[in-house]
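The two complexes that follow have chain A in common; it is paired with chain B in the first and with chain C in the second.
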Partner chain A sequence: MRKRTLQRSLTGFWWLTLFFLYVPLLVVVVFSFNAANSAASFTGVSLRWYRRLLGNEQILSAFANSMILAIVSSIVALVIGCLIGYGMYRHRHRKLGWLIALIYLPIVLPDIVFGISEMAFFVQINRLTGVLGPGLLTMIISHVTFQIPFVALIVYSRFVGLDPTLFEAAKDLYATPWQRARFFMLPTIKPALISAFFLSFTLSIDDFVISFFTAGPESATLPIYIWGAIKKGVSPEINAIATLMIGAVAIAAVLSLMFNRQGRR
Partner chain B sequence: MTSSLTAPDTPPTSETVDTDRSEARASRKASTIELKGLKKHFGADTIALDGVDLVIEPGEFFTLLGPSGCGKTTLLRILAGLETPDDGRLVLGGKDITDIPPHRRSVNTVFQSYALFPHLSVRENLAFGLRMRGVAEPERDSRVDEIAAFIQLGSLIDRRVDQLSGGQRQRIALARALVCEPEVLLLDEPLSALDAGLRSQLQVELLRVQQRLGMTFVFVTHDQQEAMVMSDRIAVLDGGIIQQVGPPREVYERPANAFVARFMGHDNLYPIKERNGDRLVTDLGALSCPAQAGGDLLLIRPETLDLIPGEQPGDNRLFATVNECLYRGSHAEYRLDVGTTTMQATVRNRGGSLPTVGDRVTVIVSSDDLVSLNA
Partner chain C sequence: MAYSGVLPSARSQAMVAEARHLLMTVAPGAIWIFVFLVLPSFYLMGVAFMTNGTYGLPEMPLSLESFKRLAGFGFLGWSPGNLYTLLRSLWQTVVSTGLVVLIAYPIAYYITTCREKWRPIMLLLVVVPSWTNQVIRTFGWMNLLAPGTPLAELGQLVGLVPENMGLYPSNFAVTLGLVYNFLPFMVLPLYAAFEKLDHAQVQAAQDLYASPVRAFWHAVFPQTLPGLLAGTVLVAIPAFGMYVIPELLGGGKGMMLGNLVANQFSGGSNWPLGAAGAILMLIATFVGLYAMRRIGKRLGGGEEVVI
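After this line comes the complex of A and B, so read on.
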């Protein structure tokens, strides 16, 4: 009898969790199609807010910034993170505890601390040398920094999952160091790399805090634009942007999961 | 380049097989391997190899036999180039290859875990070595087809690696190494992961492949039965040192020391307490054993003994009581109480009466089959 009560309350919690997770998203999605001006009532289905988005220069430029930032930072993080992941695998028998802790630090560090330190750092550099003024470049560098640990971790765990004899088999079958990278390692970890790319992409699109502290006047991303727009009141346009972002991030996350799973088969 | 393997369209009649074999022997460049004073240690106090000297002849099926940790796998890895010796030289076909990296050695390995590339199909796995050496695609394809026909892979060649069973993977791994036509093929316990039936089937297949190609095979195993079935010569290793090298019969029937004797499965070893000319005294009693050099242990192989009922005195006869009898069908294994000790005897079941537990018997020892050896 008690067991049944427990089970029922657990089921209740499950639905409650789902409710608080997805109903707010659903509200945003539904109201993005609202014909009315206010969020008070839903008067009819319309695409007017999406059309308005296309006419808004600021939003389009924020969207472009977001995409450039996400794609460029993900590619750079992929290259560096992949090398770090391989290095960690190659030297896994040595005691690398503190070094690995350093690499993983950005994962556990609060975004706000990370963002403020990046900003202070870039301000100092800019003051001393005149380069690296706030803008897309500083944002890309910051994003790469927090994306690297995720890429390195995914690549490392893929290598650890491989039979170590495969590396020896490649050597034994006449592959030179370059050929081993080109014909054995890269194709073998390809699913992990694709997965890591989409994860980095999602992290970059999602990020507000770090972008906010490192952005310049011309380099507002979508989250920064939304934050600024909301200070003037919630416009139904924001719902439309949010809906598009939910869609993009969901697709990237699903792709990331899919390729990660394929790599582990 | 014309390859020497059986052409896929040749019908396997005995005649063509014979010509193919002679062709194979003629065109393949099997080379002598010389190991000179090889030493290798891991960490501060793990000695894997402690000075190994060995010459492996061209076209030989050579087996490195020993318990785990004896150094046999380290020796194989040094041959492959995956491990560098601390000291000593490795010479292949007259050329010192000690410092040549694995990808530039004409040596290929069949790994214990098979190590097939999971991202490639079976065909791509087979072609990998040729592709890395820059063999053009048409020739690559024809050589892969040839080896696939030779190993009788059939439709396996179009499968994915994760669709293969253990035995199939083993054969693909073998074909992947053979297609490169190395001067030496190394096999690291390639059959140890397979069940007994498949194992003996693949033993026969390996032997057939080796004989038809005339290639030098260096085979690592811890199974003395497998070593005896397959090998031209066996090197028994222990503690990083070669204990004995010789053909299977020699290693089994005339072991060089107590370790080799025990590892080959012999239990009847008795310390020699006294020597009077030809007569050796052990706990069993006195036995005459002509033409024996020194040594302080006497080996009596159980299958060389004859048992007759009752006590019938004579030269080189021992009286014993049957303590235990294991009936095995084709033969029976006995444990006998003799003197102050026990001994094993194996008796063929010829259909007559067999002694049973508690019987008093006479053991006839053939002095030619006695071996005295060092502890």
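After this line comes the complex of A and C, so read on.
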């Protein structure tokens, strides 16, 4: 009897917590369709805030910057991270503690320390040499830095899940290293690569702090634009952009999960 | 390489090939992280020991000025502003971590009592909100706590806030934001611990007529401790250095260490002071990680949680 009461109150607590977790996002989504310019009362459904987005050049350019940043950095991180992941697997019998530490550094460093380190570094490089002024390039470099570890770990864990005799079989059939990479390794880790790409993409879109400190005046991304808009004063327009971003991230995350699961099967 | 005098044996040739392979695969990424993260962090640490020059940029000579400033010693004598910020960061970290534990503990347990096929979906439901951008999630709370909303009116009824005011900016809003932000980080390691729970121990305690409280305290709690500690590290370290949430929900009186550090760089006011604050965060991070490494060896689930 007592046990059932406990279970029932736990169920109640579970739904309450879910409500707590989703209500801030729901509010943003619902009020993006609000006809009135208010965060307190919902007067009717309208798409006026979305229409306004289309006419706002700053938002369109921020959107373009976000996309360029996410796609370019994910591709670069995919190539570099994939190499590391494979290297870690092939040489897993060696002592690679230094490499593991290096790979975990971007993950464990607090965002703000990460961001200002990069910013201080780029500013000084720019003062001394004139290259790497704040802009999309410095942002891409920083994003690649925090994406590499995630790609490397996904690819590494995919290789670990493979049957090691497959590698021997490929060698026994006199496949050249190039052929082995082209016809055996790439196809087998393809799901992991796709999953890693979407994860990197999500991480890049999600990031605010690191982008904020490495951005230049012309390279504001959507989160940076939203930040600026919030600082100027809450407006329903922000709800509309935020809703679009919530949707985009949800799709990318689901794709990442789908391909990761497919790979494990 | 080819004519080094002695003909290399087949074995050492293979070793050279292996080493070259390791270098070719690992070097690009290792060099990338070294150049674009290790060097910048070392530079930042160096900045903390330099003097604040014109335009807030660091200059020689080396000094401990910035650490004195961080402790509150300025041109006008000692003022407690920075120390308050430090203490507030600590306080917010402790309170929000505690609240996160209180919520996550029953949730993680509840998930393990549900049917096995539902569990991954339930975990996913907990994690999904944290995939959205932090600025947007915090903005969601700004909407909820703004003046005129049901929550703010409830706050006025209780007497928490004055008439026609919202629930933010306030320290309360920052705590709420932190708890919201870090809840998934605690649920996952705790869930891993609960899933491995040895029920025989609980059974034994019950057979020996232990009260439910004693059975929990002696048979369940110690077994979940590794997950609890891993979760604490995952929550407390980033909470201590949080920037976005106090900036949006806290206002001037809710400032935390992250804001103190960031302001020194964005306003161009004092790089060495900001760098000194960053060193403090780094120390907190590595102390926390060291603790987690020692515990994590037993748990072995702390890392995928970060993803």
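As a convention for this text, the second predicted complex is superposed on the first by the 263 of 265 C-alpha atoms of A that agree within 3 Å, B and C clash if a C-alpha of one lies under 4 Å from a C-alpha of the other, contacts with A are read in each partner's own complex, and residues count from 1 in each chain.
By definition in this document, a residue touches a chain if its C-beta (ideal position, glycine included) is under 8 Å from a C-beta of that chain, and two chains touch if they have at least 3 such contacts.
Given the structure is predicted, the values throughout are model-derived calculations rather than measurements.
Chemist: If you stack the two complexes on chain A, which partner ends up touching A:63: first (chain B), second (chain C), both, or neither?
Modeler: neither
Chemist: Output check: A:99 vs chain B and chain C. Expected answer is one of first, second, both, neither. What do you get?
Modeler: second
Chemist: Could you tell me if A:28 is touching chain B, chain C, both of them or neither one (first, second, both, neither)?
Modeler: A:28 sits against chain C, while chain B stays out of touch.
Chemist: Identify the partner contact of A:183: answer first if only chain B is touched, second if only chain C is, both if each is, neither if none is.
Modeler: first
Chemist: Does chain C touch more residues of chain A than chain B does, or is it the other way round?
Modeler: The partner making contact with more of chain A's residues is C.
Chemist: Contacts for A:13 in the overlay, against chain B (first) and chain C (second): which applies, first, second, both or neither?
Modeler: After superposing on A, A:13 lies in contact with chain C but is clear of chain B.
Chemist: For A:201, using the defined touch cut-off, is the partner it touches chain B, chain C, both, or neither? Pick first, second, both or neither.
Modeler: Neither chain B nor chain C is touched by A:201.
Chemist: Just to be sure I follow: which residues of chain A are touched by chain B in one complex and then by chain C in the other one?
Modeler: none
Chemist: Going by the contact rule set out above, which residues of chain A touch chain C in the complex?
Modeler: 7, 10-11, 13-14, 17-18, 20-25, 27-28, 31, 38-41, 80-81, 83-84, 86-88, 90-91, 94, 99, 102-114, 116-121, 124, 141-142, 144-145, 148-150, 152-153, 199, 202, 205-206, 208-209, 213, 223, 226-227, 230, 234, 238-239, 242, 245-246, 249-250, 253, 257
Chemist: How about chain A: which of its residues touch chain B in the complex?
Modeler: 162-163, 165-166, 168-176, 179, 183-184, 187-188, 190, 265
Chemist: Tell me, which parts of chain B touch chain A in their complex?
Modeler: 80-82, 101-104, 107-109, 111-113, 115-120, 128-129, 131-133, 162, 176-177, 180
Chemist: Can you check the complex and tell me which residues of chain C touch chain A?
Modeler: Those in contact with chain A are residues 18, 21-22, 24-26, 28-30, 32-34, 36-41, 43-44, 47, 103, 106-107, 109-110, 113, 122, 124-126, 128-129, 131-137, 139-144, 146-149, 180, 183, 237-238, 240-241, 243-244, 248, 258, 261-262, 265-266, 271, 274-275, 278, 281-282, 285, 289, 303, 306-307.
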